[in-house]
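Lettered A, B, C and D in written order, each chain numbered from 1.
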Amino acid sequence: MTRNSIAFWTGSTVFLVAVFVMTQVVGNQYPFFAGYVILQFIALAVAWSILGGYAGYVNFGTSAFFGVGVYAAVFLVKAFGAPLPLQILAGAAIGALMGFALGLLTLRMQGIFFSIATIALTIIIETTITNWRYVGGAAGIQIQRPAVTAPFDNYVQMLFFVQALLVVLAVAISRYIQNSWIGRGLQALRDDELAAECTGVPTLRLKLLACVISGALMCAVGAPAAMYLQYADPASAFNLNYSVTTLAMSLIGGTAHWSGPIIGAILLGTTQQLLTVTISSEVNVLVLGLMLVLFVVGAPEGIIGLIRKLRGDRKEGEV
Amino acid sequence: MTLSDTRSPLLRISSLTKRFGGFTALHDVSVDIRPGERFGLIGPNGSGKTTLINCISGAFRTEPGTVLFRDEDIALLQPHVRTRRGIARSFQIPRPFRSMTVAENLMVALDFAAHEHVSAAQRRDSMMSILDQMGLGPKANVSATQLSQVELRKMELARAMATHPKLLISDEAMAGLSSSEVDEVLDLLLSLASRDITIIMIEHIMQAVMRFSERVMCLDAGRIIAIGSPSEVMADQRVQEAYLGT
Amino acid sequence: MFSFDLLLDAVVIGVLLGCFYGAVSLGLSVSFGLLDVPHVAHPAFLVLASYAVYFLNEHYAVDPLVAGLLITPVFFLLGLVAYRLYYETFEKRGSDAAVRGIAFFFGVAFIIEVLIILQFGVDQRSVTADYIGRAWRLGDIRIPYRLLVAFAVATALTVLLTLYLSRTFMGRAIRAVAQDQEALRLMGANPIKIKQWAFGIATAVLGIAGALLIIVAPVDPTLDRAYIGRTFCVVVMAGLGSMGGTLVAAIILGVAETIVLTMFGASWAPAISFAMLLGVLAVRPQGLFGRRS
Amino acid sequence: MSKKVSKPGSISRRRLLATAGAALAATPLGAKLVRAQQTPIRIGMSMPQTGGLAGGGKASLLGIEIWRDDVNAKGGLLGGRKIELVVYDDKSSASETPAIYSKLIDVDKVDLLFAPYATVPTAPIMPMVKQRGLLLMGNFSFQVNSKVGHDMWFNNAPWGPADSWATSFLDIGQRAGGKSMALLAADQEFAQNLAKTAREVAAKRNLPMVFDQAYPPNTVEFSSIIRALKAAKPDIVYIASYPPDSAGILRAVNEIGIGDNVKVFGGGMVGLQFGAVMENMGSLLNGVVNYNTWLPEKSMYFEGTKEFFDKYTKRAVEAKIDPLGYYLAPFGYASGQLIAQAINAVGSLEQKALAKYLRENTHKTIVGPIAFSPDGERKETAVLQAQFRGVVDKNMEQFRSSGKQVILFPENLKSGELIAPFEAARK
């Protein structure tokens, strides 16, 4: 292991231990509820960036993957009373299949055509779920949580910890991809797809791989949301907000490095949670709009880009 | 192909035709390229040179017609597979990976097209030796966006070389360069050819073609109008007409 | 429950509805289809135009169509400014303009939404005119005048835009810029100026389209979200940049939607139209009437 | 815990803090009487202020705010404690409310909880309040407690038993001679719930269902659907639609026609209760029989009703909210009245005692007397079915006078008779 990897895994372990200790010590429930939402968005943004950031294929279907994850869990709970880990695994498997299908169907399309195809796919899937009476259809469905397993004494605390695990998993995968030949290949095809092909990069296969991994992670992240809300309806589960917010977080953080989406998600997620309990009105939407415009205009490479620039300037100054 | 040549050709193109809608860009093109040959491809703008390159490297699908590379039909292979089989190319307008440094540009090729499993250190060495050979050594860690025109051309060739090609196609690598720079690039190509790499060079600069090629082919309106030694082709009536535009 | 009457009716209504979809998509067909600007705020501008029309109709009793014409110059200027901003911040910087452009226009759409809410509240709004709420009898079929207005406006807009793009100097320049920006620069024209002008036209068209939107059905501030998918669907299905193609694709969409709505399970209608889009994209990525071969 | 209240002033400050701390740790709510009497009573809730439900949410909130101001003007409750509202925007979404209610309970430590307007944002918080044993005043959600079974939930809406809605409408239709039925419902949560009960009631009565369709959200044009519905020749047309669509459907009905055999048309159209929509629709409304919750008919005025609407009208115009506010606002006010009566009767904020009182008594409110059944819904339905009559275009004020919407159901509030068939009633 390189020094970087050691630092990363130490950091991840410290993070997970801290999260676990928090679930055992903190009695107040609110940090877990709010924290869960932020963790969920971190995982989504990181997963999204694998295709959207590294490969430059803007997926508008985040809500489709998230919603399918939610409904995979709903179905499993209703049909078999499946436990949470199984819900997440099944979500990941379905997400991978969905990513594969989406990829086969659309990855030959360039740029914005792919994005539009993902919008279309989202609407098709949402309509299908809306027409599926078994999981409640348009009317939605209420689900009961099972008893919580030790060592947690509250279900939301457990979900918080599980989501933290998913975050670490997503980040580890994203980081691995970035540092491996896969990441280099994705970066190459993002810069120039034909040149990448002619340099030996199997662009279609790499894009498919990115689509499958990204999709599996997004679905897995969606699965526990069913238990978090104890309710699911198509309009909420497939809300366009998931797609836009995830995109915004990744771009605000910067997509050039795996830590960009994390920074973006923490910044925007926290801001949104704070706004919900402070200003709490249409100004919320306004802030999201303004942040998007200002960051995209003022910091095109995101916060990561800003940091790199500052560092670069300093280095030059020293020389 | 001359009958006296006993070695089988490296690349054999037979009866290749390429249409775009109603427009025929290539019409029944057949040619063999021998291993180790320095082959010049000329023709006026729009004559089908780049289309032919695209058909060989795989950017376009071809039908009808066959493309045999080392006795294997590659017409249905994707471009990256052809690259791995040993066909590399540069682009008329350079297409660097803009978000990467020069070294990283080459690493893509080494990561994906290297034929055998080699250690990371060996790859680094191989990359540096290619860069040094191309005179890009000092620029290894410079972003591709900061290169000059001639450096971009050289980097394209270096990146192509990093895939360990058997056949290198250079698509107007000298366009827009000063005469001293043209000589620089030409010397590079000659030195590559001396190491048993077959090279197809597309060029408008006639002195370069004459100096470089063992054999020259001229396309006009998607058809071969002349093929032979440089002096033969230059002397051909139809070639002169095509270029003078009568 | 099949009946020939119903099918005929569905086709007629579908054609008219398709014309309406075409009218609200034409601007996007210029801005996205010809200029490659990923204008996801297009529907937000559309709803903004509807509210402007509502304002004029409510307070000054201006006919909605006249109001739509009145606001076109303002929208033209708005378009000039919007493109300048987009160009300076994205296209000029080169790579990745599309990704960031999408985020940028989403931001703009949200800002427009909130501004409308702050000014007009969240309630839905509609306009009054003689042709709203009545129908034309044609044998057994009754056709709402609203939709006939949509049909007339859409046809007129398509013809005008097609003529403009093919007959005028500026129009041909716009099409040239879509084909090859460099060639145009070599000829001494400034492609940026031309694109800015074209974006102005694309936005100006929204003035009329916004009037149609509020004539056909009431509007509310967040209606734009429902039209992102629809308008892009039409433009992409048509193939980028073909005005006539846009109208035809919109009509196909309208007819398909209406037939499903009438004859089969209505709740499947949205899936059908977007499945058609996916099908077209998978088989013919350049769209039905695409500009590339 | 909360019963162990020492007299204020007789305990040391440290003891007070210790008691308070222990009480808060055990039951975050309810145990705050140890605090000085003058601290306000804090009521927490989320309310849709953006997104699809914002229009209703804002009107509902204004009703609650007017109640707060009325109570505070009279000196508050429990011997001078003022009411304070803690309100957050839930963006009309189910995914926002769990975190918001956790904040209200665990961080803001509010004394009482009100639910947000509508079913979707309410559904996720039901298991949570049940688990924690908290009282929740519902706000116009539909059958949200049927699966959860929380015995401290009380819905302010006049729905009553789930099927009463369909029952009353079909009663009216059948009495007018209706022998077949058509159902058109939005493919969204509330409308689908209505459609489900309508199907059940129709099946029970052997009423043939000749047309049964769900239309998707964001449908632009209803002409073709209405045409298909017309072709099925139903006698009773039951529509369960959402605000943007209700207008489109009525327009299409006006343009296409619906046929002479239709006796009654309407039932569950959301949106025809909102001032802006009604003003826009104008004469298109005539003849429609639709559900309502409050109307300016003589039978609907109770103690305080008129005063409430005087205040509401003034404040709604300033805030760009529904100027009529019949649908939700008075029920928001009534939620407050319910809780105030319970607090006064119990003499504390102890949640179980408040719930017991609410469950066992009949309460006087500005929307009439309210009594709850064990599931927390109204014992008897008070959903009105009313027919629009003599409505003219572009006039908001007409809806303030009686006779524009004649109440046909329930019997005790009736203010007129049905005019049938539908086409006749439209003239």
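What we mean here is this: a residue touches a chain if its C-beta (ideal position, glycine included) is under 8 Å from a C-beta of that chain, and two chains touch if they have at least 3 such contacts.
This one's a predicted model, so the numbers in the text were calculated from it and none came from an experiment.
The most centrally placed chain, judged by C-alpha centroids, is A. With centres computed as the average of Cα coordinates, no chain lies farther from subunit B than D. Subunit C and subunit D have Cα centroids lying 38 Å from one another.
Mean C-alpha positions place subunit A and subunit C at a centre distance of 32 Å. Put simply, the C-alpha centre of subunit A and that of subunit B have 43 angstrom between them. Residue positions of subunit B with contacts to 2 or more other chains are 98-99. Each of residues 95, 117, 265, 267-268, 270 in subunit C touches at least two other chains.
Residue positions of subunit D touching 2 or more other chains: 50, 187, 214, 216-217.
Interface residues of subunit A, counted against subunit C in their complex, comprise 52, 56, 58, 105-106, 108-113, 115-117, 119-121, 123-124, 127-128, 130-131, 138, 191, 240, 244, 247-248, 251, 282-283, 285-286, 288-293, 296-297, 300.
Residues of subunit C that touch subunit D in their complex: 1, 3, 5-6, 9-10, 13-14, 17, 20, 117, 120-126, 128, 132-135, 142-147, 216-218, 220, 222-223, 226, 258, 261-263, 265-270. Across the interface of their complex, subunit A is touched by residues 57-59, 78-81, 83-84, 88-89, 91, 95-100, 104, 107-109, 111-113, 159-160, 163 of subunit B. By the touch criterion stated above, subunit D contacts subunit C in their complex at residues 50-52, 54-55, 58, 187, 213-221, 223-225, 227-228, 231-232, 243-244, 247-248, 251-252, 254-257, 271, 274-277, 280, 284, 320-322, 393-394. The touching residues of subunit A, when paired with subunit D in their complex, are 27-30, 32-34, 36-37, 127, 130-131, 137-140, 142, 144-145, 156, 225, 228-233, 235-236, 239, 241, 273, 276-277, 280-282, 284-285.
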